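Can you read through this structure? Questions will come right after.
In this document, chain identifiers A, B, C and D correspond to the written order of the chains, with residue numbering beginning at 1 in each.
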Amino acid sequence: MSEFLQFLVAGLKNGSIYALIALGFTIVYAATGAINFAQGEFFMLGGMLCVSFTDLGMPLPVAAVAAIAATAAIGAAFELLAVRPIAGDSPLRIIMVTIGGAVVLRQLALHFFGPDERALAPFTEGASLKAFGVAVELQTLWIWGLTALAVVALALLYRKTAFGRAMRATAIRRDAARLVGINAGMMVTVAFALAAGLGALAGVAVAPLTQTAFGVGAAIGVKGFAAAILGGIGNPITAVAGGLLLGLLESFAAGYFDPAYKDGVALVVLLVVLFVAPQGLLAKAGRVKV
Amino acid sequence: MTLLQVRNVTRRFGGLTAVDDVSFDVYEGTVKALIGPNGAGKSTLFNALTGFDRPDEGSVVFEGEELVGRKPREVVRVGLARTFQNTQLFEEMTAGENVMVGSQARQRRGFTTAMLRLPNAVAEDREAREDASRLLRLIGIEEWIDVPAADLPAGIRRLVEIARALATRPRLLLLDEPAAGLNATETRELVQTLFRVRDSGITVVIVEHDMGLVMEVSDEIVVLDRGAKIAEGPPRMIQKDPAVIAAYLGGEVDDDV
Amino acid sequence: MNARTLRALAPLIAVALALIVPLAVSDRFLLKVFTFCGINALVVVGLALLFGYAGQVSLGHAAFMGLGAYTSAYCTVELGWPWLLGFVAAGVVAALGGLILAIPSLRLKGYYLAMATLGFGLLMSLAFIQAEPITGGVDGFSGIPFPSIGPVEFRSASSLYWLVWGAVGIAVLVAHNITSLRPGRAMRALHGSELGAQACGVDIVGVKVRTFVVSALMAGLAGALYAGVVGFISPSLFTLTASITFIAMTIVGGTSSLAGPILAAVALTLVQYSDALIPGLPRETAQTIQSYQEDIYGLAIVLIVIFAPRGLAGLWKRRSAGNEAS
Amino acid sequence: MRGRTFGWPSAVLLVVLLTALLAIAGCGDSGSEPSGDSTGAASGEPIKIGAILSLTGTYAGLGEPEKNLIEMEVKKINDAGGINGRPVEVIIEDDATDEAQAVAAASRLIEQENVVAIIGATGTGQTMAMRGDIQRAGIPQVSMAGGTVITNPVDPLVFATPWSNTIVVPFTLDYLKGQGITKIGLITDSGGFGKDGQAVFKEAAPKAGVEIVADETLNPGDTDMTAQLTKIKNSDAEAIVMWTAGSEAAIIAKNARDLGIELPIYGSHGIARQEFIDGAGEAAEGVKLAAGKVLDPSLYPEGSEARAVADDFISSYEQAYGEKPGMFPGYAYDALYLVVEAAKRVEGDLTPEALLEQIQATTGWVGIDGTYNMTAEDHNGLTVDDLQMYEISGGKFTPVQ
């Protein structure tokens, strides 16, 4: 029983991270209809920037916020410089530009931060909490708290603000949104910044547990996409559910079968969902096909 | 003689019935027009006839063969060729190459023979090439043969797409708004082309908003409104049909020039 | 000599130049570098068919190369087969891999196809690590013999060079035959407009599957050649990075072209070995270039896609079209 | 439309046939290619030695100090007159902790630089990967990686400076037994070093009277070992033994502490470096590992040669790079000097064969790891006497009894 609970905790921990990445994919997809293949690099940038900022002597909370803000700015710049020139073009070109951009971001990180793995101090020092034979690291609590906070903040942003309504309108019909005076271009830039910020948040939150390095982006990006598509791309709520589900699947597969297959789980999920139900397993039930 | 029988075709999207129980016949050697206000279901019907979409109910019979459930490529091979409202040319290929692709429908040689460059693959290629030149000459645009589709003027694009459809050697040609975006001169040329096509023995079904053109070329007209057929008959009758006039006045008349 | 004769003769000149390289180059390492160029060019010819002509993206092409490399290594070392038989098996296994990926991917387009191929590529690199009894796991597979055909063993740098570029030559010939005849037009039509292609009676499913298979086959053969030339393979060779490198070469080379991607494959491979190419280039400079190699690939993709979406081939075609008009 | 479908394909076909002919002809010269002009170089011309290190990738933390050390010592050797009057040039290549790149680097060093010997690689996998090239070239290789497979079975051309797992694993097992620990949970990486360690543990544990009650693996690059550690926790293991040299070791230590596992943790000599302590932070405290006495030279008797060599090594490294050397620069020091000292003993032409013979003839040479006695059967040359058990406390490696 305690083994099961321990795997549950580990799964929800990693799942929260995947959920944040999946949300990033979802936001960009909703605003542009495009998949940003560089999404994972924002995760990497968040972690690496935060480590670098603490190296410069910033207190951890300041460094974390600065890293997230800086990554969001990079996300916006990425959209303006690389994606904007071909906006609305064929998916093929957007795929290529975001992949090329991902490579450039990763390499820039390599040149700036070096090739080494970097560790970040936990947000709160102290022993893990223990109950029912399960240990929960304090950092895991941070991850859950921050993920929940991000999801709630995002929901409020989308539902309660004029800006959020404009984002949703853009998502539904870009041309129509333009007609009612919404600056669709700006919405897209903001969507990229938001997605980058969420990725960075995930990167910062998990760095104390896993360490981070310039090359971690691609793998997490694919897992985040697997989570997003498991939930049905474009739907923030199912994206979060998809992330948690993927984390649990991985954790139980590693725990009850063989840890060697852990990374394969997300890939198998990705391929199965793409091949069987590209519109997403979780979203399939309640959606009218148009 | 009836070439195409459309019987009780219905297509729904969610709660919306885009095509509602439509039936009509197309006779060999004639030009039949499908008209109706925007959103009347013309394009949906077109897709249902050509295998691009599957109707929920009804049947489409071409010379005794049921077409519902067939893939577009099978429909083409049976003898129905189509064009698109938004021309679907292959932009990076020249006009000539575009028309050559039309020959694919009736050619058989595949990858293996091509890889080895066997004589019959080369012969087929030459045949497609000659056929493309012939068709472009027939339509009177042979001077554009080596121009990439992306660089063609709108009028020529429409004609290239018609030539490409003709290269499939169709019995029935379905044209989706061929005059959209054309100027008066280009429209004149289109009309001449349509007559030439009809005279060569190919039956034509046309969806068009340009009423002048429709009245001039068609032998019979089917009028759709909100998915349902409201009138069918020769142009003169249709012009006077009260249901048609009501539909056009009630809805928004869309000339779409 | 006018432009058209020049263009007609260009492939011949290129081939002749490629052939005499080993006679003119005495540096064995440089020859090996040119051999690597050929191996990459072989993968890229296949990718040019799939991506440049048919417009079907594959972000997992290194996996097919890996399938071929491991198959050839396993057949020759563990099963003791003659090299040529292992080489053929490599092509068959890679082609089967292509088929297995292509069939469920048929209804996927654009982003989803890209993700599916990427996922497949990553899954295969995990498989190369996990299938330790066959692949040797993370440590790789060593002791792979030199290629040989019958009694003839390709040991020397120059013979390996000729073997690889001979394979490239055959692949180009096959690819040119495909692209210049009916299947090639079907592929380009698919790229241009799937609706239009369907309306012309193009067998979309057939073209996609066959192109995938041919493309995977070429990558597999390239993998088998690599295994033979180097004698050692490991999972780290067949990763996402490698797949993206091949994509970069194809994009820079340009759509609907074979010559462009081959040139790009050679040029971008040479970036890695600048000091072998330029005598007297300080080692430090070469290493600096090497450390920016992936930056160059990434930036090349972005810039080409934004500013010259049809790649080098597109630029060349536009220029030569301009010349002819004037 | 151009009808030019004939022309160049047939030309290509012609040329391909020609290629086939030339290729067959080209095979004739396979044996007669020059194997490099490394022999008979003029006096004063530098002696070229290749070094293949992991400067990036998983083992970057190991390779970087090795590079520092080599650059520092080469300067020292050349300032002191080089090898019998000829300067030494060490050409350093980065293998990026990647087997394929190691092979490419070896190929370049051999074919382009005509080196007389290769030092490296940093990792076991990379060392093994270049074996084919080393054999084809017939030059000696001195590895800085700890995998037993490198020197067991003996490859006539290949030597290694770190203690092989066949020395360290039994030493660690004996220590465990001495602590009253008879059941261990083993966690190894699936790379060369870990896999080798796992095999040696499985063989040596029964002999030492220790039972492996959990046998878990991880892949290089993994970032979460919860699953493996939970399994170990739920077994009746009395200690965790982790055998990996990469940054994963720090994550294991951290995960174990975070999971509330109180079992003692034992590591390999691969974690005897500051990066492990930095990466694991608090969790590094109490971790035990076997390593060389150089981590605390005071273990050597005052005035001994070993003490002098170690003190000098530490002080000059600290002076040059501002930090204490871990074990890895020591491996590089020994590898470099095994080659250099052997080269000094070569009389006449410095051929790879002569150099090889002299490396194998090394006896009683005191390096950083200990005293080397190479033989035809032993290409590692170290013994268990050169090892010491340490515990990490206060962020330092502290010798324990």
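Here is the rule we go by: a contact is a pair of C-beta atoms (placed from the backbone, for glycine too) under 8 Å apart; a residue touches a chain by one contact, two chains touch by 3 or more.
In this text, all values refer to a predicted model and were calculated from it rather than measured experimentally.
Innermost chain of the displayed assembly, by C-alpha centre distance to the whole-protein C-alpha centre, is C. In this structure, the chain pairs A-D and A-C differ in their number of contacting C-beta pairs, and the larger number is found at A-C.
Ranked by distance of CA centroids from subunit A, the top chain is B. In whole angstrom, the spacing between the mean C-alpha positions of subunit C and subunit D is 34.
In terms of their C-alpha centroids, the spacing between subunit A and subunit C amounts to 33 Å.
Subunit B and subunit C, compared by their mean Cα positions, are separated by 41 Å.
Shared interface positions of subunit D, i.e. residues touching 2 or more other chains, are given as 5, 9, 190, 219.
With touch defined as above, residues shared between interfaces to two or more other chains in subunit A number as follows: 260, 263.
Counting partner chains per residue, subunit B shows two or more touched chains at residues 97, 117, 122, 125.
Of all residues in subunit C, only 174, 177-178, 180-186, 188-189, 191-193, 195-204, 206, 210, 214, 255-256, 310 touch subunit B in the complex they form. Subunit A contributes residues 2-3, 6-7, 10, 14, 115-117, 119, 121, 125, 127-128, 130, 135, 137, 139, 209-211, 216, 251, 254-255, 259-260, 262-263 to its touches with subunit D in the complex.
Taken together, the subunit B residues at the contact with subunit C in this complex read 50, 52, 71-73, 76-77, 81-84, 88-93, 97, 100-107, 109-111, 114-117, 121-122, 124-125, 128, 149, 161, 164-165, 167-168. In the complex of the two chains, the subunit A residues touching subunit C come out as 34-35, 37, 82, 85-86, 90-93, 95-97, 99-104, 106-108, 111, 218-219, 222, 225-226, 229, 260-261, 263-264, 267-268, 270-271, 274-275, 278. Taken in their complex, subunit D has these residues touching subunit A: 55-57, 60-61, 190, 216-219, 222-228, 230-231, 234, 247, 250-251, 254-255, 257-260, 275, 278-279, 281-282.
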